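Look at the two complexes coming up: chain A is in both, with chain B in one and chain C in the other.
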Partner chain A sequence: MCGLFCVWKMLKLKVAIFTLLFLLLSCFSAVAQTEEEISDTTASEEPSYRIPKLAPVTNLEVQDSPDDAGGEIELTWKLSADDTEDNGLVSKYVILRSQNRTSDFHIVGVANHQDTSYIDKGTQDGTEYYYKVVTFPKYEGEVRLTREEIDPLMDEFPEFTELGIKDVSMLAEYDRNLAAAFIDEILGISAVAGPVKSSAQWFNSKDLDTFIIGLVICTSVVIFIGLARGGRKLFLRRIGGLQAIENAIGRATEMGKSILFIPGIQDMDDVQTVAGITILGRIAKTIAEYDTKINMPVSRSIVMTTARETIKEAYLSAGRPDAYSDDMVHYITDEQFGYVAAVDGIMVREKPATCFYLGAFFAESLIMAETGNSIGAIQIAGTAMPAQLPFFVAACDYTLIGEELFAASAYLSGEPKQLGSLKGQDVGKVIAMVFIIVGTAFATLAAVTGSETFLEITNMIKSWFSA
Partner chain B sequence: MRREIPLIITATVGIAYIIQYFIPHTPFDKVEALFSDWLSIIAACAIWLGALNLLKLSFLSVSKRKKDWFFSLVIIISWLTMALVGISEGPGFQEPGTKFDWLYTNIYTPLSATMFAMLAFYVASASYRAFRARNFQATLLLVAAFLVLSGRVLFDELIFGFLPADWKILSTISDFIMQVLNTAGQRAILIGIALGTVSTSLRIILGIERSYLGSD
Partner chain C sequence: MNPKTIKWIIFVIVLSAIVLSVYFVSLDRGSFRDGVFVTTAAFLTLFIMSFLYKDNPYYKFAEHLFVGVSAAYWMTMGFWGTMVPNLVAKLWPGSVRGVLPALADKDPSLWFLIPLFLGIVLLMRLSPKGGWISRWALAFIVGTTAGLNLIRYLRSDFIQQVNNTILPLVDKTEAGISFWGSFSNIFIFVGVLCGLVYFFFSKEHKGFFGGAARIGILVLMLTFGAGFGYTVMARISLLAGRMTYLFGDWLGLIK
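Now for the complex of A and B:
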C-alpha cells in the first residue's frame, strides 16, 4: 500500500510539473505571438513611401494686387533650391492662407514649379491674411489608393482637390489626415508672410498711358468739332468708295433692280456693325428719295430690329414713310454658312444691281463678293477686318479700308461737326507717326551702338503702346 | 422724346463703359458684366423676333406662290423639323447621340462644310482677276504674290536646292515681304481702325452721329 501511495504521489508531482511547464510555454508562446502581431501591425502602418522634404521658397512677399477691383492678393517668392529647370524635384507650390499667423492655414491654390508668383483671387477686402508656400515634391512612387479610398478623403478635406490624385495618395500614405504632412512640417514650408489686406483701387494706373493718349485724341476731336461749328473750312481727302455710293444707287434705280445691303455677321455690340448701320441710315435716305428697293438679309435679330428702325426713320425723313416695309429687313439665321448660302441664293435669284457689304466679315466675305461679281452687280464693301480686306479689294469695285468704314457716315453727312471729328482723328495719326519715327530711330541706335540707354528708351516707348 | 431717350441711353452706357475701363472700384467693376447680361437677355428674346419673321415671310411666299416659293417650303420644313425634334428631346437636346445632334451633324455640318469648301474656288477666280497685270500697281501685286507663293511651296528646294541652306532666296524674299512689308501695312491699317473706332464711338456717345436714329 505504501509503495502504491508513493507511486501515486510521484505521478501527481510529475503531472503538476508538466502542467506548470505547459502553462509557462503557453504564456511565452502567447506573448511571442502578440509581439509578432504588434510588430506586424506597426510595419503595415509605417509609410511605404518617404516624402522628401525639399528646400522651402525664400523671400516670400505678399501685397494687395494693384489696379484691381479688390478681392485679390499677389504673392511673390524666390524659387526653392530644389526647383531647377533641368529635372528639378519640385512638382508644384501649394499656397496656404490663414487669418491667424500661427494656425488654421488652408490650401487656397497651387502654382506650377518654376512659378515665382501667384494671385489669390478669393480674398475679402479689409480682412488681414497670412500666407505660407509649401514646396511640394514630385511623387516617384505608384498610386496605391483606389478611387473608392480617395473620394471619402476628398470629401473630408475638400481643399485638397486643388492637388492631383497622386499627391493626395502620397499624403494619405503618410497619414490619412491629409493635413498632417503640413502640420508636422514633413514638407518644405516657407516662413509666414503677412499680414496683408486686399482693397479696390479708384484708378487703373496700368492704363494711364492709354488714358492720356485717349484723352489727347478725344480732346482734339472735340476741339475740331468746335472749330468746324465755328465755320472753319476743313479739307477731307476724296474717298472713291463713298463718292460711288450715289452712282450705285442711281444705277439700281435705272435698272429697276433692288439694292442688297449686308451689315456683316456680328451683332450690335460690334462697332463695325454700328458703323455699317450708321451708313445704312444715309444710304436708305437716298434709296427712299430715288424710290428704289432695298433688301437687307441679316444674321442677328437685334441687327434686324435696329436696321428696321434706321430705314423707317430714313424713309420718314425723306418724306416717303408709305414706301417703307418691315420686309425690307429680314432675318435668315445666326449660322455663318447657312446665312451665306441664303444670301448667295438671293443674289443669284434676284440679281440685285448694287451690293453693299459694310460691317464685320469673316470667311464668308469672298463667297458673297464673288457671287455678287458673277451677277454683274456694282459692289461697295467696307470692313475693319484686316484679313478680309484683300478679298474685298479683289472682288469688289470699291472697298472702304479700315478707318474709311468708320469715317463713311460722317463723310456722307457733310456736316461740319461730323467732319470735325474726322480731323480730330488725324491728330491721333500724327501722334502715332511721331512715335513710330522716334521709336524706330531709338531702336536702330540701340542696335547699332549697343547702348543700354537707347534700348531702355525704346522699350519704354513700346510699353506705352502695347497692352 | 423718341430720339432723346435712345441718345441718353447710348451716352450713359458708353460713358459707363469708358469709366469702368479706368476705374476698377465698385460699382464700376460690375458695369461690363451687367450690360453683357442685359445684352444676352435682349438677344435671347430677340431671337424669336428673327425666327418668327423668317417663318412669316416663308409662309407668305408659299401661300402666295411667289417666285421660287419652293425654297421657302424647304425653310419651313427644315425649321419645323429641327424645332420639333429639339423640343421633343427636352433639355440636353444638343448632347451627342440625340436625334437633334444627328440631324445637325449629318445634315447641317456637311452643308456648311460644302459652302466653306467653295471658298477655294472663289479664291482662285478672285486671284486670277486681282493678279492680271493691267497697270503698274497690279503688276507689283502679281510679282509680290508670285514671290510669296514660290517661297511658301517647294520651288525654293527645286530651283535652288544645290545652294547651301542659308541661301534659300525665294523663302527669304517671301519672309521679308510677309514679315516686313505686309506687317507694316497691316499695322498701319490697324492704327487707322483703332482711331476710327475712337472717333465713331465719341460721335455716337456725344450724340453727334444720329443717322442710326434716322436724323442728321
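Now for the complex of A and C:
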C-alpha cells in the first residue's frame, strides 16, 4: 500500500510537471502566434510608397546656350540608371536653380523621363547660376488631404511646393516623417553644377547657310543694280497682265467711268502692298494723262498717306497737278469685312469700268472679285497670297501670279533698283534649280544603288538647305 | 423710295424685332435684352445677305453701321491696345496706374522715345510744308520690315523648299519600288522646276524653256483648282454657321 502510494505520488508529480510544461509551451505558442498575427497584419498595411532610392543623373553639365539672344542656359546630363525605356522608375526630372551653391534652390522647370537636356529660358544675362537635377519617381496613387494638413508640409519643403499639392501630399500619405525621408532616401539628387552665366551672341552659326545664300542673292542684286545704273539694258520678259493695264484704263476713259484700285488689306510693312503702290504710281500717271477718275478705298491709314503721295507725284509728272484731289484715296475701316462691305457697295453704286486688286488679300478676295465681275468691270489682280490666287484666277480677266506682281512693279517703274532686285532673284532661282537637280540626282542614285556615299552626299546637300 | 415707305419699313422692322425678341424670351432662351441683341444680329445678317439679290437700303444700312462701328472699334483698340501699353506705359509708367496697374511700377524705358519721334514725324504729313519729313518714318517702316522679312521668306520660301524637293525619283520600299511613291516624287520634282522656270524673268518663254514654263503654269493651275475647292468648302461651313445662328440661336428651330 505504501508502495502504491509512493508510485501514485511520483506519477502525480510527473503529470504535474508535464502539465506545467504543456501549459508553458501552449503559452509560448499562443504568444508566438499572436506576434505572428500582429506581424502579418502590419505587413498587410505596409504602404505602397516603398520605392527604392532612385539613382541621380550623372555628368550634369551647364553652359550658356550657344547662338542665342541671351537669357538661356543649357543643361545636359546622362540618364539616371533607373530611367530605362521599358518600365523605368523615373517619371520626370525636376530642374532646380539657385544663385547660391549650397541653398535657395527653386524649381525652374521639369523635363520628361528619357530627356537628357533642358534649356532654362528664364535667366538674367551676367548673373551666376547653379543647377541640380532631381530624379522623381513614378507615382500613380491618389491622396486626399485637407488644406490644413498640406500647408505645413508645403512650408517645410519649399523646394517642392511648385510640384503641386498632389506630389507633396503623396509624401505624407501614411507618415508625415516620411516626407523628410523621401527627399534624402528616394529622390535622386544630382551634384550641383555651375556657376554659369547666360549671354547673347552676335552671330548665330546655325544660320550660316541662310547667311551665305542671302549674301549670294543680295550680292547679285547689288551687282545688277550697279549694271542697271551704269546704263546696261537688263532684259525682262513681257508679263501678260501688264499689257492689259493700259487697255483697261483706256476702256474706263472711253466709258466715262471711274477706275477702282484696291491695294489689299495689309499695311505698308507688307512687300505686296509696296509692290501694289509702285504699280499704282504708273497707273495713276496714265490715268492723269487720260483724264480719267480713280477711286481708291483703303483699310490702313499709312497706306492712305503713301497712296496719296504716290498719286500726287504721278499727276505732277503727268503735268496735271490741278486734277489731283486727296479724295481719290479715302480710308474706310481696318476691319476686314467692314472694308469689303463698303467696297462692294462702291462697286455696285459707281459701277467702275476697271478694277485693280494689287496687294495682299485674304478671304475678301473672292467677295470683291465676284462683285466686280457681276458689274462687268475689267479686272486685273495681282497677289502673292497662294490661298487667294485661285479666286482671282477664276474671277478676274488677268492675274499677276505671285512674283509676277513684284516683276510688274519693276517692269513698269523701270527703276534700276527694282530691275536689279528682280535679276538678283533670278540668280536665286538658278541656284535653287541647280541644287534641286544635283540633290535629286544623288538621292535617286542612293536609292537605286543603296550606296552610303551617295546618301551622305544627298544629306550634305540637304543640310545646306535646312532652315 | 419715298420717305413714307421708308418710315413704314422701319416701323415694320422694329415691330418684328420686338415680336421676335418676345418670342425668344418665350422659348426660355434668355432675357428680353438677350432677345433684342440676338434679333438685331439676325436682322443685320439678313440685311447683309440681301446683297445677293441686289443693292438695297437694308444692305446700305448694315454696311454703314458695320463700317462706322468697326472704324471706331479699331481706333479705340489702336489707342488702348497699342498706344497706351506700348508707348505711354513705357515712357511714363505712373500715368497708366488707373488703367494698367501691372505696368505702372516698371521703370521708364527711354528707347521708346524713338517710336514716339517717328510717330510725330509720320504725323508731319498733316503739315502742308513739312509733309516730306513723314517720308523718313515711312522709309524706316518699309525698310525695317523688308529686312526682317527677308530672312523669314528666305528660310520658308527658299531654303526649306529646296530641302523638301530633294527626293529620290525612285521610291524604294521593303516591298520593292513603289509606283505611286515614285510618281509623286517625280511630279514634285518636275512641277517645282517648271514652276521656277515660269517665274524666271530673264529669259523669254520660247522653245524648250517655253514648254517647261507651260508645264509650270499647268501645275500652278492644278494647285489653284485644289485650293479653290478646299476654300469653297470652308466658305460653305461659314454659311452653315450663319444658318445655324439664324435657325438655331435665333428662331430655335434647330436644336
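As a convention for this text, the second predicted complex is superposed on the first by the 313 of 467 C-alpha atoms of A that agree within 3 Å, B and C clash if a C-alpha of one lies under 4 Å from a C-alpha of the other, contacts with A are read in each partner's own complex, and residues count from 1 in each chain.
Keep in mind that, in the parts below, a contact is a pair of C-beta atoms (placed from the backbone, for glycine too) under 8 Å apart; a residue touches a chain by one contact, two chains touch by 3 or more.
Quantities reported herein were computed from a predicted structural model and do not represent experimental measurements.
Once chain A is used to superpose the two complexes, chain B occupies space that clashes with chain C. In the superposition on chain A, A:386 contacts both chain B and chain C.
Touch criterion met: A:418 reaches chain B, while chain C stays clear of it.
By the touch criterion stated above, A:376 is placed in contact with neither chain B nor chain C.
Once the two complexes are overlaid on the shared chain, A:237 sits against chain C while remaining clear of chain B.
Of the two partner chains placed by superposition, chain B and chain C are both touched by A:269.
In the superposition on chain A, the chain among chain B and chain C reaching more residues of chain A is B. In the superposition on chain A, contact of A:405 is made with chain B only, not with chain C. Looking at the shared chain after the overlay, A:126 reaches neither chain B nor chain C.
Of the two partner chains, chain C is the only one that A:462 touches; chain B does not reach it.
Once the two complexes are laid over each other on the shared chain, residue contacts for A:202 go to chain B alone; chain C is not touched. When both structures are laid over each other on chain A, chain C collides with chain B only at 73-81; the other stretches in 73-81, 145-153 or 163-171 stay clear. Shared contact residues on chain A (touching chain B in one structure, chain C in the other): 207, 214, 217, 269, 271, 274, 302, 305-306, 309, 331-335, 337-338, 341, 345, 349, 366, 386, 389-391, 393-394, 401-404, 407, 422, 428-429, 432. Against chain A, in their complex, chain B makes its touches with residues 21-26, 29, 39, 42-43, 46-51, 53-54, 57, 67-68, 71, 108, 111-113, 115-116, 118-119, 122-123, 125-127, 129-130, 186, 189-193, 195-204, 208-209, 211-216. Those residues of chain A that touch chain B in the shared complex are 67-70, 200-204, 207, 211, 214, 217-218, 221-222, 225, 267, 269, 271, 274-275, 277-282, 298, 300-302, 304-306, 309-310, 312-314, 316-317, 327, 330-338, 340-341, 345, 349, 363, 366-367, 369-370, 384, 386, 389-391, 393-395, 401-407, 409-410, 413, 415, 417-418, 421-422, 424-425, 428-429, 432. Across the complex, chain A meets chain C through its residues 207, 209-210, 213-214, 217, 235-239, 268-271, 274, 302, 305-306, 309, 331-335, 337-339, 341-342, 344-345, 348-349, 366, 386-387, 389-391, 393-394, 401-404, 407, 422-423, 426, 428-430, 432-433, 435-437, 439-440, 443-444, 446-448, 458, 461-462, 465-467.
Every residue of chain C that touches chain A in the complex is listed here, in rising order: 48, 51, 54-55, 59-60, 62-63, 66-67, 69-71, 73-74, 78, 122, 125, 131, 134-135, 138, 141-142, 144-146, 149-151, 154-156, 158-163, 165-172, 189, 192-193, 196-197, 199-205, 220-221, 223-225, 227-228, 231, 235.
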